[in-house]
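Shown below is the structure under consideration.
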Amino acid sequence: MTDQNPVFIPGPTNMPDRLRRAIQIQTRDHRAPDFVDTFAPVLEDTKKVFGSTEGKIITFPASGTGGWEAAVTNTLSPGDKILVGRYGVFSNKWIDLCQRHGLDVQIVETPWGEGVPADKFAEILAADTAHEIKAVLTTHNETATGVRSDIAAVRRALDGADHPAMLFVDCVSSLASMPFEFDAWGVDIAVSGSQKGFMLPTGMAILCVSPKALAAIETAGLSRTFFDFRDMMKANATGGFPYTPPLQLIYGLRESLDMLFEEGLENVYARHFRLAEGVRRAVDAWGMKLVAKSPDLYSDTVSAVYVPEGFDSNALTDHAYRAYKVSFGVGLGQLDGKAFRIGHLGSLTDVMVLSGLATIEMAMADLNYPITLGSGVAAAQEYYRTSRVAALKSAA
Amino acid sequence: MTDQNPVFIPGPTNMPDRLRRAIQIQTRDHRAPDFVDTFAPVLEDTKKVFGSTEGKIITFPASGTGGWEAAVTNTLSPGDKILVGRYGVFSNKWIDLCQRHGLDVQIVETPWGEGVPADKFAEILAADTAHEIKAVLTTHNETATGVRSDIAAVRRALDGADHPAMLFVDCVSSLASMPFEFDAWGVDIAVSGSQKGFMLPTGMAILCVSPKALAAIETAGLSRTFFDFRDMMKANATGGFPYTPPLQLIYGLRESLDMLFEEGLENVYARHFRLAEGVRRAVDAWGMKLVAKSPDLYSDTVSAVYVPEGFDSNALTDHAYRAYKVSFGVGLGQLDGKAFRIGHLGSLTDVMVLSGLATIEMAMADLNYPITLGSGVAAAQEYYRTSRVAALKSAA
Amino acid sequence: MTDQNPVFIPGPTNMPDRLRRAIQIQTRDHRAPDFVDTFAPVLEDTKKVFGSTEGKIITFPASGTGGWEAAVTNTLSPGDKILVGRYGVFSNKWIDLCQRHGLDVQIVETPWGEGVPADKFAEILAADTAHEIKAVLTTHNETATGVRSDIAAVRRALDGADHPAMLFVDCVSSLASMPFEFDAWGVDIAVSGSQKGFMLPTGMAILCVSPKALAAIETAGLSRTFFDFRDMMKANATGGFPYTPPLQLIYGLRESLDMLFEEGLENVYARHFRLAEGVRRAVDAWGMKLVAKSPDLYSDTVSAVYVPEGFDSNALTDHAYRAYKVSFGVGLGQLDGKAFRIGHLGSLTDVMVLSGLATIEMAMADLNYPITLGSGVAAAQEYYRTSRVAALKSAA
Amino acid sequence: MTDQNPVFIPGPTNMPDRLRRAIQIQTRDHRAPDFVDTFAPVLEDTKKVFGSTEGKIITFPASGTGGWEAAVTNTLSPGDKILVGRYGVFSNKWIDLCQRHGLDVQIVETPWGEGVPADKFAEILAADTAHEIKAVLTTHNETATGVRSDIAAVRRALDGADHPAMLFVDCVSSLASMPFEFDAWGVDIAVSGSQKGFMLPTGMAILCVSPKALAAIETAGLSRTFFDFRDMMKANATGGFPYTPPLQLIYGLRESLDMLFEEGLENVYARHFRLAEGVRRAVDAWGMKLVAKSPDLYSDTVSAVYVPEGFDSNALTDHAYRAYKVSFGVGLGQLDGKAFRIGHLGSLTDVMVLSGLATIEMAMADLNYPITLGSGVAAAQEYYRTSRVAALKSAA
């Protein structure tokens, strides 16, 4: 009966019933007018979630990794120089992908637990007077460390150096959960997916692309077909797809957008903050530490938590699953064995989060962690109830 | 997003995904061989859950109340004398139904929080040497008070008096959750429904009927058509139904039986005990009292909990729903305003129960109850984790 | 893969995806405000389908048979005289039910294939100057014969005799498919169900009750509990149910009403006529005869078709199911072996009907019926296409 | 109510209810043991459908086009020479993809309606004594023309020339519908997808890869990350995925395989032949011609049908959709306006096909095609019924 318990991995996220129903579409002809009439507004409305009016939405039946590959191969050429910080597993994956495609990757090593090194970027960009750097690649929310980076600061670094490099942002685990400002931050390509803030199954890479990035297509020398922006845009222009579209997910995205807009994006963000803050109160009550080094870096979608010295975080997540049938995120890369992660994004309630906290407490107690049962739960309860009661009063 | 949180009402119960899928049957012809081949084994297998080999399963597209009416109208005649104890809302509903159908109801008033008055029944039955009492009506699990009665004791009372009265048992909120022994207890009609231990939507009354009760049909003078056992048995004999059957629920019952048998009925009962015991530990930690007066009466499917003097249980359940979108059972009848109920039956896990306990704690704190946040949760956690670890060890 | 083919039984009907999704509701608390807010408008909107503003909608978790029993037991007393015509299996079931409940049933035997004997009723009612007849019972659409009766004519018979008897109508297989005028026809109780024109699973009896019928409750002497109008109305008044409601079906009825209103009731009726007319053209092309004796009696929801002399209609429907996995209605009662039935109601298209006609043609050819393959299909095609093209032109 | 009618496009195909339910999986942790235990056998069992014991199954969350790109980029280097025949839109897409990736594509132009030019290939391969040709690319079933090619003949051409080039086959629209013999035909990479014979939604590219093709990875110089076989195989080896897997489709593929094996692959192929043959009889009865030039080339999954001179096939498919809400395949490429296509693959029955034939006949009649209503239907009926009756007799 494991389907009854929520998952606390940082995506794919728990699907709400409304979306589960919405994707139960019998096969329809994707060349028929009904599909065309549905698809175009979906693309248009998705922009709002990115915080963009000028960008173009491009989707692929793929995962976020496919979205990254699309971003890179459509805009860059072999040997192009790019600038990127390495501060977690997912930023490292960007780097690996670029290297495989023959790009010249300038890596700024950054301690895990910190965010994008905007100051260091500023120096490098200012020094690059020949404008050899074609793109700066960043990870908005590093899922491995639970760190949210300051993308606006990267934009300031670019503008301060008057540098024309494109700005690419991985927002797979932040979009539709934390504020994202594509236009205001001057982002050129933002890459997300269906399975996080959109609360859908895995299967759609969702990108927002600026006019500047679109212009770069013409000179981009990397090869691609499946991920070619031009084929996709040409087909999209008449409501179609260059190959068979993921019909069910597109209808699901329609409903997901409706849910997000009905709740209001600001309320969606506030809900994620509130859920995350409860988790942070619990971590504090346990006497444990987040991987994220300071509050301005705290992610509202995932918290990575160091286990005490002498304990193995993998044993903890493994035991939680085997004993209680609840999944938490494992520690990745440098954090393997040292930290576990609590995903708190998507369609989630305070009530559900409390069940996750209660579960991990039991698992920790089973493994003789020095924590008091109920302590983290109580800290989260206190925060959740006071913030809820305050909200009810202000609504009244 | 209320569908994300479990309900803690004592039924209908949270449906597992497997059953939700199983009932998604497109319309099929109920006169076709496929249905016939499915239905007969369902009836046969349902007997096992009642603990019967000699009984006959009879179902109606109705609620449990309809099942009661079927039991009474198929076996009794206007003016017939019946014996019944009143110790809660649901036992009282039996009484009301019998009175409306013109039966002569001898009521044994019993304090709420106690179970079936078997000793008093023994006296009355012994005194009834003329055997005017035609049936004894009992409620196995009184959902209003969280009391499980000792049906075997009623059988002993009947046998001790060598009395031929039929024994009817309402097991709507106990079957498939707590042990039930139709044959061993000498039950003549047991009435249950689809929406509790069977984890299905409301819509099917499910009865088990003894040969003695079936024999009573011929002389039963009360009128009925929809609920007539004879029409149903005649149609069932060839795999059919006397009118349109609730096809989806019948396929769902097939899957529900499969789930129960795969888990093992003994394990199902043990799971319900474990979940219930955690709730009771929490209640104790809160310094509160169950309505059920002694441990032998504790129900494993629902706990009715007195709120402290000066508090209104309706305000509590109402606030829990409005603030946290979690439903608990309200206090019924005499307990209106004085007790709330936690349903812990059906497809439920320890993890889910902990979310319910955490939620009601928040609601109590919001309303200034003298409880400590996390106290009940911690007591339940301790019980759940030690019993789980013990189970894992014994399985290893 | 039988779920792929439509059924052509006269209900339960093929469920559209939209309704299949709508009923996939996880368990919710039926005492919570969300349910209350949903249920009341459902009751109100259902009136429109009955063509009533003055009636009261009462629903039970039961089949249509349960609805009949509710109608009779809430308004009549043992020994009351009722007037009814017998012209098919379902009108006969009314009669049987009334007799079992001790009513004095005056039966007007009517040839099958004809409708309600309004003229004969007029005579009888005029002769009943003592007003001993308390109710006239009619079947709007006799599902066994494919005959639609003229209910307005019965009203005229009552009014012509200035007779105060109540008028009860079984509209199980006509409502939401053919025009029904509760108020205009002066109906006192109309009984329908969820599984026909409402396109939902079986499980809800749906009644519309006039103020006059409601007033009769107070003096009605027949016993009932589950089906008691008073309990239901009392609970409904505050958005509740006297026992556990069929939650999923109520949410499904909400969506069904939305679908009916979006299409427009007039268009729903026109669609049923069109589909039925195509079937009738096919029957004519086969050189076969409908059971319904004249066009004014033709039902738009089901056609009963006589097989030629020397053929067994049961062998035909049985073979169609075994060879092609398509269900048609069998001949019932007097028509057993003599006629088969094609159900053409609910969520159905001309395209689907053509597959049914093609299938029964194959089955007939397999059994050496004197028909030409494709002949009925072609006749239906010609009608469907010309009426479709005409509709498209008038819409343009 | 368009969801009620089947689609007759050549994929995505009509999904059976069983698969629609199977993919309704709530989010699960793809790193948990349950997923691992499910995934490995799915990969193993999928081999059977390809007719392989030596190949390795590799899947990607992508469409068939993505599968092609994976095949090419994992095994070839820029400038590599490949041999391919152009005989339809989909074979042309292979060519375009290879050219975009900088391959040296030798194209054998072949009239549409014919299949793979094996004889011409034999000549070219024999002449290529330097073995410059690294791969031969073929399309097993050309979806645009309804032509099935003889892949074994291509193997004979390779073997006859003793040529080491790899053999790649696009079997997107043939696998799990027509016989495929990966091992016997010496295929090196076969590319399929979830949305055709597997009857699932679009979203999974499914490849079978020979040891020879796997060995080619090490020297393949084309860039790829998302589609890298090595990452996928490394992760698959421990039951995992290199990124988030399409969980729902993997569970769906499990059920799809179960369905295929329960029916028996031979029976699946026979069913497709039978359905296709009925369509061909209808086309013949209409006096129209298939695009496929001879019976040995006839596809059992899709029939492309020339419309008569002076008629526009796009007007026909467009009208069929607008008037009857039924989708057929449009004419693609050279066949734009000249032919329409009837998809008859996946979860389909003779009864459903008849509805498609009846519909297109109406549409043709509406547009004044010189055909007789019912003529094609009758021809198909005759074939379907005689073949069905024969099958029933042989089963008896």
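In this document, chain identifiers A, B, C and D correspond to the written order of the chains, with residue numbering beginning at 1 in each.
Rule of thumb we're sticking to: a residue touches a chain if its C-beta (ideal position, glycine included) is under 8 Å from a C-beta of that chain, and two chains touch if they have at least 3 such contacts.
Keep in mind the model is a prediction, meaning the values are calculated, not measured.
When chain centres are set by their Cα atoms, the one at the greatest distance from chain B is D. Counting C-beta pairs in contact across A-C and across C-D shows that the higher total falls to C-D.
Centroid to centroid, with C-alpha atoms defining each point, chain A and chain D lie 35 Å apart. Distance between chain centres (mean CA atoms), chain A to chain C: 53 Å.
Centroids built from CA atoms put chain D at 46 Å from chain C. Shown for chain B are the residues that touch two or more other chains, namely 3, 14, 17, 20, 24-26. Within the complex, the chain C residues that touch chain B are 2-3, 7, 9, 11-15, 20, 24-34, 60-66, 68-69, 96-97, 100-102, 193, 195, 201-203, 222-228, 242-249, 321-322, 327, 330.
The touching residues of chain B, counted against chain A in their complex, run 1, 3-6, 14, 16-18, 322-326, 347-352, 354-355, 358-359, 361-362, 365-366, 372-375, 377-378, 381-382, 384-385, 388-389, 392.
If you check the complex, the residues on chain C that touch chain A are 17, 20-22, 24-26.
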